[in-house]
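In the two complexes below, subunit A is the common chain; its partner is subunit B in one and subunit C in the other.
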Partner chain A sequence: MKGFIEDITWTALVWIVVIVLLALVLAHFLVISLPWGPGSIKYSIMFSDFVNRPYTVAGALTYYKIEDRQLLEHSLESVIVSSIERAKSQAVIKDLESFMKSYDTDYQVTLSNSNIIFSIGKKHKLSTEALVPLLYKGILGYLKVNVR
Partner chain B sequence: MTTIGPVQIFFFILRVIPVILLIFALAFLYTALLSFPEDNNLDRSIGDLADNIIHHNLTSARAVFDADELDKYDGSNEEPYVRYCNYGYYLEIEKLALVSEEEETQCSDVYSEDCADFCMDVCELEFDELVLFHATLGMDLYGNCACYSGTCKCRSDMYDEFGWRTRLPGESSGTVETKFGYSLEKSLYNEALPDKGYFAHDSRPDLVTSKYYVSVSDEDSVIPAIMTLTLWDTVLTRISCLVETAYNTMKAQEMPIHCLLLYPDTPNHDCWLPIRQSGDDICIYYKRGGDITDIDCRRLPGYITDSDKGIDIAYTDISYKNDGTLVASPQEVGNDVRIVLSIG
Partner chain C sequence: MRKGSATTMGSLILIFLLIGMVALYANTVNDMIEKEKEVSLKKTEVLKTKNTFYLMNRSLEITWFVSSIQNIFDAGETSLGVPYWYEIDMHGSIANLYRPSRAEGREDLVEYLNENMEEYTDSVAGDVTLPDSVLISISGIESEFGYLEQQLGTGCCAFSDGSCTGIITQYQCGLADGSWTQGYQCCPDGQCLATCTSETDTITAEISQNLEVSYVDTVSRAVSTTTLGIPTVFLDMIQAGSVFVTTMIIFAGNPPSYAYTHTNKEAYYLAVEENLRTIATPSLETVSPDSINIRELGLEESLAFVPNPGISEYNAVDIVPSQAGLVLHSIAYCIIEEDNEGYYYHDEAASEFIKQPFFLDVKSETYLGALDCSLNNLNFFGYDKPMDTVCFNNLLYTCGTRIPGEELSQVWPFENCLTTEIECDLTTRVFAYCRMKLCQQDSCSGPLGLTYTSAVCCDEFCSDDRGCDCSCTDAPSPYTIDCNGGDPCYDYYCNACYSNVPSGSKVDSCGCSPCSARYRCGSQCCTDGTCYDCLTTTTTVPPPVCPDGCWVSGTQCCCYDPIMGEICF
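Moving on, here comes the complex of A and B:
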């Protein structure tokens, strides 16, 4: 009697598993072939070019002239003396903000040596960074450009 | 020793049958699956091309466009310096004006009247089109009218990431656009052949557009700018590439050609391939009576048009049935290379 019950139980289990699997497979194919369904399953490789953005902006900033000097000179001199005031580069912040705002995007530009000399804007969580190293007689600083 | 009785055999068969059925069902269904690999070649190529353009002769430094170089090509259909043989590109440069705080419209709440007025003024939106969004720095912007960290912003196209404006782009902003390159005017096809459209292509898109932050040189400084690059993959760009390759290799080139539903002056709706050389361009034209109108032209590359060895593309006006193979056969005629196009 025990063997008989086991046979019925296992047979029922096999049938249930097979029916469930068949139902899943059929549902999968039905969804594809329904007139309002997707028709096919697609997997795409996306190509993103946003990683280039901070580099093109950094390229432009390198040649951007503010008052008597280019931004790169202002930055290097500020890094050397650790201050935009002592480098007579106070105009940099306002002009740089105007420049970056014209792109109408999230940005952050930071000038630093071992300390942050100035930072404008706020970076977006999806932004990427271009790093411009500034080196003078063993003093190293960075102009960091974050653009979304 | 256990014995297997008829009941056990019966239940065993009852268990085996659904498993076999499942295997057959799976085999049947999955043999009906077909895979079609598709590449996103246009998407990949536009990134490569943009990267080349911002490093090539049009720029004086990385992403800094030379204003004189841009002026040289403005309004033309040339694709200077770097180009794809199979794809034509169209380049637009929009100079941006520096934004000062005084010119911006300040806001504390997007639902304020000021911001709505700003969006209707600057982006020419109607009141019932406004989709308002309040955001702080670092947040994604949605809708078409936003108060973003104390400043009103709007855009005409709800899906244009680069379309946000913080002020009127009036004359004082100094916005100047430079445009050049290959572009397909679908309206010309439609005007010429209102009931047939342009050409029978496959399901892939025939263009992709991408925007980049760049700048334009201005005396000893730079002006921020947006570069909009459009890459076209059309019948004409493919045919011009076929001609170019035949010219370079001096060997016949072939490509499958879809049925072009152009049928000037023909009562039967055959496929039709009217191609001609027009100056330095290769064109698809439309003919009614004696009048010929070019409806799609691409400039041949400079190294061909400027070389001592000229090019002469034979006047081609071919009628054909359904799809076929287009053959470009080069022949040396005097100092020129004559390219004869035929359907094989």
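Moving on, here comes the complex of A and C:
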């Protein structure tokens, strides 16, 4: 029976190693497969959606019409004269607030040139931002949309 | 070799193999995760670039829309770049005459819009770095404007009652504003032309640019184009502008319309403006009354003093033949606007946007002879007030009145009554005949060498046969001779102390009631302070002086207008 004990020890050791390795692989698999795992596809989609969301809202806003003009025209003309009053665009704020509420999320929409012309909503610290540049005869302004 | 050593080796090899495989698996999976992260980040980068490109492109559409609207407003505000469509310069010559036909107006408008648009496009071209490090580059901007006139449904028949026996094809027709209208066209032979009706003309614009948006390593690049169709009736406004120019030619060719016969300049300005309106309004109202309105029609005017031949800044030979008199410098303006709600106009001076229709501001600048002293000798006029100006011996004199160009003016230089029988009272700053002085003369020779009958002379100076008990020597001034009954004789020449002339009234034109022969003021009658020689002057109508390109027809000038045809005035 010489060598029998050694055979048993090595066999057991192999099994132990196999079990440990399987446990590691299983654990690794589970970690990367979890919905909140760093490598999950869902994580990737959520991230993309998170980044893309303000652009989706901004894209919709570019076609939003308030009274007799589109929001972008209101915005550009307000940027040109640095005032929503002098651009005859006072209705923008109320209508825009109403529009943004339909998204049921935290938001902030800001119109600015070198100064802030108007800003509605409150920016969430986990929000992302979309910028709509507004250009006219050397004047540059932005319609900034922050959405969580 | 010891017994069991092979098993040990096999087990060790197996363990190492297992560990190696697991390590390889773990490494592969980790690589995959890292690449997934990289893909996510790249995807984010691509999305940000693509979205910014989309938003920038959309923003540029609005930029070009607002710019095109302002460009059209510019065209109207600057009169298509022609400051004065009709211009008579200081030498009396026609310096400019712009009276476009509809086709010419369309070409000129499109040319103006294309050239002026560069002011808007040039300032937009260039690079912009956004706060989130996205770089936007705009280059190669090209714009092309066009004008589509209203299209009428000629060549086809439309039967709303379905009575057509031919082939009826329902069709859709695109309108200028991008909407569609349903209609029917009757095609008896199957070859009927497509027709389209729209209520207005359309200014079209196509603006393209190279747009490039880059973020980190991602670049989105394309040539994007904005196409606009802006409803308008601009050509109707241009046509009205041409009609306005025609009326200005008529106005300038009709000297009585701006002849200076008034007691003060304000009355003159009002009368001239009213005369212009009388000529222009009926013509303008006939041009597309349903689509355009006349917002404003008026004159900015001033009088220039031409006191002495050879010293005026004007070459007055052409404007005032005697080179002494008054020149009317006027800028006539006519603002025509479309009859619709309009668009937002950027008032740069006030820094605001105002909603208003497209408009066309047409102006005309003319220097016209308002007063020629060679035709008005011894006639008094009023600049600031009645009787402060007089034509005498082909020159124009003032009595303390300040007229623009006064440094050149001829202030009355004579020793009043001793020399000319006309005196300048510097206290009241008016001229008057030296009536008291005449009364003291034995003979009845009148002022300035004119011969009067004794009766007229005496009438003039309150002789007893007119019931006045005043004597000339008692009269304190030419204006306040006391008459019988105490009525003041304050009329300039014809004292209002006659029994049949109401106190305070003036005597009308020469020879007309109540200016009878008996009650003439010497040889003068008065009309608004201006005297006309009743006895020696025969009214004759000189042949009209017609503008260039016109001809004399009887007592009228006739001109050919490309729009209105032959016009006589």
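Criterion: the second predicted complex is superposed on the first by the 100 of 148 C-alpha atoms of A that agree within 3 Å, B and C clash if a C-alpha of one lies under 4 Å from a C-alpha of the other, contacts with A are read in each partner's own complex, and residues count from 1 in each chain.
In this section, a residue touches a chain if its C-beta (ideal position, glycine included) is under 8 Å from a C-beta of that chain, and two chains touch if they have at least 3 such contacts.
Quick caveat, the model's predicted, so the values are computed rather than measured.
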Exercise. Touching A:18, do we find subunit B (first), subunit C (second), both, or neither?
Worked result: both
For this session: Please work out whether A:124 is in contact with subunit B alone, subunit C alone, both, or neither, and reply first, second, both or neither.
Result: first
For this session: Please work out whether A:65 is in contact with subunit B alone, subunit C alone, both, or neither, and reply first, second, both or neither.
Result: first
For this session: May I ask you to decide whether A:30 touches subunit B, subunit C, both, or neither, giving the answer as first, second, both or neither?
Result: neither
Exercise. Can A:101 be said to touch subunit B (first), subunit C (second), both, or neither?
Worked result: first
For this session: Go through the superposed model and pick first if A:87 touches only subunit B, second if only subunit C, both, or neither.
Result: second
For this session: Using the superposition on chain A described above, determine whether A:116 touches subunit B (first), subunit C (second), both, or neither.
Result: neither
For this session: Scan A:53 for contacts with subunit B and subunit C and give back first, second, both or neither.
Result: first
Exercise. Which parts of subunit A are touched by subunit B and by subunit C alike?
Worked result: 3, 7, 10-11, 14, 18, 21, 25, 29, 44, 47, 52, 55, 59, 62, 70
Exercise. Residues of subunit C touching subunit A in their complex?
Worked result: 2-4, 7-8, 10-12, 14-15, 18-19, 22, 25-26, 29, 32-33, 36-37, 39-40, 43-44, 47-48, 51-52, 54-56, 58-60, 62-63, 65-67, 119-120, 123-124, 128, 130-132, 134, 136, 138, 344, 346, 350-355
Seminar exercise, completed: Interface with subunit C, subunit A side, in the complex: residues 2-3, 6-7, 10-11, 13-14, 17-18, 21, 24-25, 28-29, 32, 38-39, 41, 43-44, 47-48, 51-52, 55, 58-59, 62, 68-70, 72-73, 76-77, 80-83, 86-88, 129-138, 140, 142
Problem set entry | Residues of subunit A touching subunit B in the complex | 3-4, 7-8, 10-11, 14-15, 18-19, 21-22, 25-26, 29, 40, 44-47, 49, 52-53, 55-57, 59-60, 62-65, 70, 95, 98-99, 101-106, 121-125, 147
For this session: Could you pull out which subunit B residues touch subunit A in their complex?
Result: 7-8, 11, 14-15, 18-19, 21-22, 25-26, 29, 32, 36, 40, 43-44, 46-47, 50-51, 54, 61-64, 96-100, 137-138, 140, 153, 162, 164-166, 210, 212-215, 217, 220-222, 224, 226
